[in-house]
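Two complexes follow with chain A in common, the first pairing it with chain B and the second with chain C.
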Partner chain A sequence: MARMKFLCDAERCIECNGCVTACKSEHEVPWGVNRRRVVTINDGVPGEKSISVACMHCSDAPCMAVCPVDCFYRTDDGVVLHDKDLCIGCGYCFYACPFGAPQFPQAGAFGLRGKMDKCTFCNGGPEEDRSAVEFQKYGRNRLAEGKLPACAEMCSTKALLGGDGDVIADIYRERVFKRGKGSEVWGWGTAYGPGKPGAAPAPAAGAKS
Partner chain B sequence: MLKLLRLARWSLAALVFAFPAAAAAQGKPAQDSQAERQQVQPYNNAPVWRDVRKEGQEHYTSIKGRETGVLVQSAGETWRQIRNNLVTVWGGFALIIALAIIAAIYFAVGPVKTHDKPTGRMVPRFSQIERWAHWTVAISFCVLAVSGLVMLFGKHVLLPLIGYTLFSWLTSLLKNLHNFVSPVFILSVPVLVLIFIRDNLPKSYDFAWFAKAWGLFMRNEHIPSGRFNGGEKVWFWGFVVGLTIVSSVTGLILLFPNFDQTRSTMQLAWIFHALSALLFILGALGHIYVGTIGVEDAYQCMRTGYVDEAWAKEHHEYWYNDIKSNAGGGAPAAAGGAVPAGAPQAERK
Partner chain C sequence: MRRLIAVAAVVSAILGLAACGESEQVIVYKQGKYQGKPDGKPWEGEPLLVTDAKWTKGDKASWEERIKQRNQGQNEYKRIYQQ
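Coming up: the complex of A and B.
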């Protein structure tokens, strides 16, 4: 069974924001919500590096751990998804997430945030795969169509890789050998780090009703 | 509010940055920047990765929003550990222990009873305004406490019992109640404090009350006190005044995310909000116990505003003497005029 992961190669990312656009267009994400963003360090000066970031689908996901209604679940592919019907919009996942992935349609007074929205690794939600309801709430379910995330597929420099962790790690390793630099796999320690010794990832919870 | 927050943030930032900047200017070479580093070591990106992990460091991004320029915030994990371990586990234990102690006192020792027979003469203790203020605060507090407890412990206690759909519906309702009832609480507490502040000023005999409080609950001993006893004054100053300030300020920070507070501000606010609220609930359990089943006739007193003379004399003797002498030594009931129908508890007996 594949363990889906994202990997952004900072040596290759050119901050074109193609991944951001691909994501917005693929899922018809509402205004103000950005499931993916590109952050540039040392912008405009020598040593500039850009990194594309979204939900990393952590092994020990903090969002899942702090959710007061337990609306998150993990699929067999290791993708962290959530049920918008259960979400109460408290914002705790946003406090806990290291990557700033959870998004809210509103940031209104009296804590009215609306339902949380985040990257689904193009894997939809608990609704029936590829149904209209699923698309409306979570966007397209490309994994169910046998495809990989739109952002990584559209990446013009192939800086952003999304797919089976073992496969993309191999691709990255080959690159590092060839170019002889840039071996830092950004964010992997935080997202897929060892966690508790011997702890196996939680089994998929399946649909919640 | 926004201006205040910005001011606080800037002054804090000025403090934080003033020291390292001064230190750097004194002699540390600026080779920590990536530009300098790659002159010497072309393949070394260490300064970039240090910047990535620097807490609260914002970089450029074309996506506008709160902290979108931050790549990794490590404080989230700290907050998670504090919330899920310290607050949930130890807060839960504290609540269970407090309930167990109260149950033990009630079942092993029993409620505090009035020794003398009720005289049938009723003394006015709380005016209508005082009771309205009290119950507005009390009911809003209970709504906030119950909804807060469900948001913190419900996942572990209620969810396994009632299932995901119902629990989510209930928590969503309670979350909105929590957010919209809180202004009622925040606005009504100051009124309550103003009303009761005079009678809650500490007096020398309050210390004697504490020395004997054990005897009051264990052996039904008589301790003279003013209109409010030492315990009530601690509840007033420590909880109603002190903890309301802490939980209101932190609560308002969480209630208005539209002011673009940073996540670290909200994490910190949440921790203080939860701790002060749990402490408040622990105190409230005690207050509600002595105000209902823990002390005979205490509940009737806050409900109707009248107490029997025997009760007044036994629990608040100095206050009783005061109102008696103010009323010219006559019947205490005369101080408050006629006793309204239905109010006197003597008729129940």
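Coming up: the complex of A and C.
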């Protein structure tokens, strides 16, 4: 199987925050912690785009690299998880993460930083699968229930896709072909320009879509 | 005396060149090893009875098939045309 991945289609995201709500509700995430959030680019300007962001479960995760207590691990499906019993709440991972995924619950009158909390791709953590302890520490383990992340499954416009990387890439590709635009937003064209590998990137011309 | 000066010159030249050594400037990061508790695999548990999720307990391939099938629920082209 390919790695588990998220993909957010900026053409479809309507900034409804349904994914954020689904995540909060599914995992009973504490106040002040947002495992997922919606970011809007050019907010208020005609043509603004929104995108839902959480832990992207990087293949070469910077959080794993900087963690002083090595509490991160990667599952067979490419999901980056961590052991809260080991986490010391230092916050290095927050500085290392390009997406701002690691969250720290504030506890006590002096705002003590708790142990790190982040999106688990609805895959729980290092506790017995589907147990109460796992739910309390990491949230629901939907993958062990044969389901996919709640945010992606609840997305009303299906802007947010989550699951097997190959499958969601196919879904997105089919969508792009059907609507006739959007291929330039993600993928080879964006990274390396049109045509064959090594070809010169296309000159920027007008709006993306 | 001349010999002593020659030896001193050689020694000072060696000591002087010692500062020209090139030390490694790039830190080589040593990947840490996970220190926490082991985690179970999603396919090791029984499927829930209350859902339509079906896979064979412990069989990774059948669980993956189930996940791929579930993934198509996010493909509205298929969902709509199948109805």
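The rule is short, and it goes like this: the second predicted complex is superposed on the first by the 176 of 209 C-alpha atoms of A that agree within 3 Å, B and C clash if a C-alpha of one lies under 4 Å from a C-alpha of the other, contacts with A are read in each partner's own complex, and residues count from 1 in each chain.
In this text, contacts are C-beta pairs under 8 Å (C-beta built on N, C-alpha and C of every residue); 3 or more make two chains touch, one makes a residue touch a chain.
Keep in mind the model is a prediction, meaning the values are calculated, not measured.
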**Message:** Looking at A:99, would you say it contacts chain B, chain C, both, or neither? Reply first, second, both or neither.
**Reply:** first
**Item:** Partner chain(s) touched by A:49 [first = chain B, second = chain C, both, neither]
**Value:** first
**Message:** For A:156, using the defined touch cut-off, is the partner it touches chain B, chain C, both, or neither? Pick first, second, both or neither.
**Reply:** neither
**Message:** Per the contact definition in the header, classify A:20: touching chain B only (first), chain C only (second), both, or neither.
**Reply:** first
**Request:** Of the two partners chain B and chain C, indicate the one touching more residues belonging to chain A.
**Result:** B
**Message:** Quick one: is A:85 in contact with chain B, with chain C, with both, or with neither? Answer first, second, both or neither.
**Reply:** both
**Prompt:** Touching A:34 in the superposition: chain B (first), chain C (second), both, neither?
**Reply:** first
**Request:** Answer with first, second, both or neither: which of chain B and chain C does A:71 touch in the superposed model?
**Result:** both
**Residues of chain A at both interfaces, chain B in one complex, chain C in the other** = 65, 67, 69-71, 83, 85-86
**Message:** Touching residues of chain B toward chain A in the complex: what are they?
**Reply:** 33-35, 37-38, 42-43, 45, 47-49, 51-52, 59-63, 65-74, 76-77, 79-80, 83-84, 151-152, 154-155, 159, 163-165, 167-168, 171-172, 175, 179-180, 254-258, 260, 263, 266-267, 270
**Complete:** In the complex, the residues of chain A that touch chain C are 1, 64-65, 67, 69-73, 75-77, 81-83, 85-86, 123-130, 141, 143-148, 152-153, 155, 158, 161-164, 167-168, 171, 174-175, 178
**Partner chain B, residues of chain A touching it in the complex** = 10, 17, 20, 32, 34, 37-49, 51, 53, 62, 65-71, 83, 85-92, 94-100, 107-113, 180-182, 184, 186-187, 190, 208-209
**Asked** Which bits of chain C are touching chain A when the two form their complex?
**Response** 29, 31-42, 44-45, 47-48, 51, 53-55, 60, 63-64, 66-68, 70-77
